[in-house]
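What follows are several structures.
Shared chain: chain A. Partners: chain B in the first complex, chain C in the second.
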Partner chain A sequence: MAKGGGESVRRYFRELSVAAVLGLVLLLLAVVAPAFFSPQPLLSLAAREAPTLVVIGGMALVILSRQIDISVGSQFAVCGVAFGLLAAEGMAFPLAAIVAVLLGGILGAVNGWLIAGLRLPSIVVTLATMVAWREGLRWWRQGQFVDLPDGVQWLGLSQGGGQVLLIAVAAALFVALAIGLRHLAVGRVVYAVGSDEEAARLAGLKPRAVTFGVFVAMGVLAAAAAVMNAVQSPQVDPKAGTGLELRAIAAVVVGGVSISGGRGTLWGVLAGALLLACVSPGLTHLHIEAYWSRAIEGAIILLAVVAEGLRSRKEGRS
Partner chain B sequence: MSAPVKTPQKARGWLRHETVLLVLVAAEWMYFNSVGARFGTLDNTFDILRHSVEIGLLAVAMTPIILTGGIDLSVGSLLGLCAVCFGKLWRDAGVPLPVAVAGTLALGALTGGVNATLITRLKLPPLIVTLGTFSLFRGVAEAITRGVDTFTGFPANFLFWGQERWLGMPAQAPVFIVVVVAMWLLVHRMTFGRTVRAIGFSAEGARYAGVPVERRVAMAYVLAGVIAALAAIIYTARLGQAKADAGTGYELFAITAVVLGGTSIFGGRGSVHGTLIGVAAIAVLNNGLVHARLPREAAGVLTGGLLVLALASGVLPKLWSDWRARRAVVAAAEKTVS
Partner chain C sequence: MSGAPPILAFRSLRKSFGAVRALRGVDFDVKAGEVHALLGENGAGKSTLIKVATGAHQPDAGTIEIGGETLGRLDPAGARRRGIACIYQQPALFPDLNVEENIGLRLEERAGWRRVDWKQRRERAKELLQRVGAEVAPDEEVRALSMPEQQLVEIACALGAGARVIIMDEPTASLTRREQERLYGIVRDLRAAGVAVIYISHRLEEIFALADRVTVLRDGESVGTRAVSEIDEAGLIRLMVGREITHLYPPRGDGARVGAGGPALSLQEVGCAEGGVSGVSFDVAPGEVFGLAGLVGAGRTELARALFGLTPATAGRIAVGGREVEIRSPRDAMALGIAYVPEDRRRHGVILEMAVEENTTLAIHPKIFRGGWLRDGAERALANKMIGQLAIKTAGPEAPAGSLSGGNQQKVALARWLATEPKILILDEPTQGVDVGAKSEIHRIIRELANEGLAVILISSDLPEVIGMSDRIGVMRGGRLTAVLPGGAAAEEVMSAALGRTNG
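== the complex of A and B ==
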């Protein structure tokens, strides 16, 4: 970092360009639709997106280690419902949250065992667990909502207080992940395994243990996100988290993490996540019909990968 | 991802993946036939066929793509987009039906071409490109219909292709059979299939062997686009309506069927008939559970389990022999020490 401006601009070009686009979008909104920045709706938006950000952090970890996890949406639903049921049974809120998070860790460990232990391809394993958990949940609960007892919504705080707390928790988790990945040995190991598993093994690391750990961490984070999502409404929706996996992957890719692992930073991912989170509410404020939001999200993803492709081509040639 | 095992070893006779899966489907069939009263009737068999044509088409189209080592997450969204555009062409543009069908197929080729261009020209990973077009195509479909518009009121001679019978079988079955046979010939009897597998094993090696890698890969994606458009038309004819959410989640069913059918997700190995049996396994399970008065959700859980089992069955013997080999080495070392 201390190597002078030009160097770090080149090194973090991708992160900076995503941040620049995000800045432009926010500027546009500030000029055309300043109502976007009125505190109350913005706080609600941020609180709604806070759980997604936690899942995105976990997904970044998974993709950096050169794997993929498409079962996070189902893990999210299962852990949310489990948390709701435990709370409804009268278990104290923190205890219910801890049990839900442990359950997430176990679901993640199943993925991790199949992928790291049996060396099965992660995309197919998590496709299987995604369908299995989702349908298993529907089998068990028949699509019933879970009513949360009083005092659990917003953690017993006022709505505003709860929202601020949730945003703070999500931010803290994400920053901890970012710093851990950047500066701790545990984090660097993820990059090493994602760049070249064989080289990592020869360097004395244990790639399979790392992969297993990454999937457990993903499960834990998905569960934490599910709890953060559940406490925002009086009921737990058993269909929550549908399509979450693809949204999370999209944010990670837009943020500049290479799908072939080992490259990218969580700061870029943060910018990508915020950019995608702004699309839908931003459109409403710009008086563009909301039906366009998915098309625009898709276009942003494609633009990001095309930019990445053109850049790596140029680098390859020079 | 862990290093793919790419040894083109061919299991023989009864141990071949497709054979085992076929036995499994037969077992499924016999079980449901003994439990469900109406399950084994011809009517129900045709019902299963009618309901699995769209997923079957997508899965068959996905097979050569996965053989190249690629993947296409956008086929479900493409189905939705084509269904909506088909409805738009027919109802709002007033185009006669055959022309609307041709236009939709052309649109399928065009959108498949978008995937193909991004993947082959810009050398982008298929997973990410089709994740982007997954959102883009569905988003455009939602934008066209503003999320609510539904196209209905198709004439009876069009609905015939989705709801009526022709020579005793569901009218869409002949279309499906033609596509399957054509794809089987393409993959198993023509150079296309061989080159696609070669690319799946090693794109670089295929290039040095003189295979036009980009052109072949592009062809697989364009073909998938056309077949997805065909699936969209049949879907519309079967339900009598076209909406923006048509085919949501179908891409995952199709991939599941392909992988269950024994095609390696890393490419190079697999077959169209395997995919077909994979589709049958899932379709029979879904239908049979209803007839056996068992919870339908069990189908998803069982399919997930089957998928893992199908994968593990390919890996476990190798893990076992690795472990045996390691044991032998250790034993030999102990012997020399003592």
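== the complex of A and C ==
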């Protein structure tokens, strides 16, 4: 790894440039608004964003395999409510969390079966399941919040302890995904399927099994994120996760994963996720009106897409 | 007729795509009221010539004369304006629109906001359909039409546009006998009406039934134009294949050693309904290169896909190493020691974004990565070995496969399958689009692999290649194996079998 530094820079140029932008933003904040780095608010920010990071990791997997999943927000809401209800029924936290995660796996398997089994396009399938889960939840719960019993919020720890734990869990999941993609044969296969499904099939791989597995993993991760989100407040909001799919896709794209699959790394995605997570609180610290935040996020995404387009055009020519 | 000036003529036409010289001096002309057949092997330059005639490609050199006007280049609108129309093998109509809408879109002036005159549109469609003898209602959706009906609609469009030259690219390829007869009638009517028809076909019998003159293309050159009355089939085939062998092939295998110990692969009456293959029987021995010749669409790739389990065989028996087997998936095939390097490497042979080394190990993950952990050292070592063995020119094992030249990408595809240590290697057009140097290297490698005991099935449309490389040559036509010839057979013999002549 150490040798051929120039080669590494060239190969990971995209990841490094996102990281550089992130560094610049943090530097700017350090100079102009050092209050951004005061520990308590920063810890809260990180804990709030931790579940999103887990979803982003799953979305990176999905997009690398040349699919898309816009039902993650609805999976997140359904699994969060399910977790809350089970906990309210008196089920022990670990068991309730496991059941919620299994439910996420099942919701993901539904997507996977429709997409890999019936060969339907993922954008339409997950649009349908997004609406179905979300509206089904609304019909079932009538928009009611679920009150969590005592001891579930922050898992009975102090707020600070709970926050640190959640951040650690998110980081561990994300790093596990990154290592899996880089160092496991199945990770390699995800890249192969995302690059060229037919070529992967001709090489004796099973692209449809891979696609199915990716959607199951996405469901599991969305559910885990929902649990991580639920334990941060005394109640579970049935509308949680609205717009989550867009934030996840944005972070993945900004992080340099090609929307046409097969290309990008989770380290770039991490940089992209952190960059987007900094925009809104950073602006607050810079005393810029909050409504600019969406515009700036949009500009960052646009920039990432343009960079990606230029790159693939350049390669198409050579 | 011979005195009339040509309505369309090409003079010393040249066209290259990068290093590939598709047209290297084509002279060709067609007169009003003439059917002029164009004949040539796959890759002889027919499609490029059509594309130049319709303005899709610009020639690098040479001139095009249309109705006395001499042009250096032509664009699609200009070609249409001058009355050149082409009926492709696959009609290019809009399937969701009905017949009159399709005709209207082709023929009516584009004026964005003008109201559509439906009545006039329908009248015109009716009249044109009548002229070509199509029994098709103008308001029928094109999706519901049969292939020949769609062709008739195309021809109607050409007539409606006032075409003086109509190019037909293998129009009878997907027609039944009766539909063919009807099409011949239409072609004769067109000729009687003074239209010049350029008729491209592989079927010698229809050239003799229909054409007035025939021009043979070979390796991008027009090698001869004859009046059909002055030449016979054997003469035509000689024109098509008659070239000097400019390329040396590695010496064939030792006949005595080959075949000892029974065939590596044995097919009996193998068929695949989806691929249109039926009743194929042959054996391949270890150490043998078995060539598969035939025209594009003869069923060779389909047979290979059946043997590799991509579209499993639906009939007959396959035996590997003397044991009868069932091959239902690529995994089954790989477990039996069958490897398949597909045609069209640019798309699916290698994964362009992935590194050379990653491509090399793609088919052997369970073997090289025990427990599912990538072991970079083992991978790198294998890749370096393959790079050395196959002389792959690459910046290194970690360079993306897409950064390599075509021939070297082909070698990477080969490396992937050699890594599986196969017993039977199926190569589908291994040297297509590869430069001359890489081509002979690939030939050398193929022969070396055979000498090491591999049974090789070599699918190739390159006639000298399949003749020069193979120990035996199977010729396919219409999904069937029509002949098995010895290596080094005369090109005329192979071509005759491929074209469906029992003797040359």
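We take it that the second predicted complex is superposed on the first by the 311 of 318 C-alpha atoms of A that agree within 3 Å, B and C clash if a C-alpha of one lies under 4 Å from a C-alpha of the other, contacts with A are read in each partner's own complex, and residues count from 1 in each chain.
Simple rule for what comes next: a contact is a pair of C-beta atoms (placed from the backbone, for glycine too) under 8 Å apart; a residue touches a chain by one contact, two chains touch by 3 or more.
Worth saying up front: this structure is predicted, and the values here are computed from it rather than measured.
Asks: Just to be sure I read the superposition right, which of the two partners does A:114 touch: chain B = first, chain C = second, or both, or neither?
Replies: first
Asks: Going by the contact rule set out at the top, does A:214 touch chain B (first), chain C (second), both, or neither?
Replies: After superposing on A, A:214 lies clear of both chain B and chain C.
Asks: Look at A:170 in the shared chain and tell me whether it touches chain B only, chain C only, both, or neither; answer first, second, both or neither.
Replies: neither
Asks: Going by the contact rule stated at the top, is it chain B or chain C that touches a larger number of residues on chain A?
Replies: Greater contact footprint in residues on chain A: B.
Asks: Could you tell me if A:263 is touching chain B, chain C, both of them or neither one (first, second, both, neither)?
Replies: second
Asks: Thinking of the overlay built on chain A, is A:200 touched by chain B (first), by chain C (second), by both, or by neither?
Replies: Only chain C is touched by A:200; chain B is not.
Asks: Across the two complexes, what residues of chain A are contacted by chain B and by chain C?
Replies: 198
Asks: Considering the complex alone, what residue numbers of chain C touch chain A?
Replies: 308, 310, 330-331, 333-334, 340, 342, 347-354, 358, 362-363, 365-366, 369, 372-374, 398, 402, 416
Asks: Under the stated contact criterion, what part of chain A meets chain C in this complex?
Replies: 7, 182-189, 191-192, 195-196, 198-206, 262-263, 315
Asks: Which residues of chain B touch chain A in their complex?
Replies: 1-4, 71, 73, 118, 122-125, 127-129, 131-140, 142-143, 145-147, 252, 255-256, 259, 265-266, 295, 297-301, 303-305, 307-308, 311-312, 315-316, 319
Asks: Going by the contact rule set out above, which residues of chain A touch chain B in the complex?
Replies: Chain A reaches chain B through residues 66-68, 114-116, 118-125, 127-132, 134-136, 138-139, 197-198, 211, 246, 249-250, 253, 259-260, 289-299, 301-302, 305-306, 308-310, 313.
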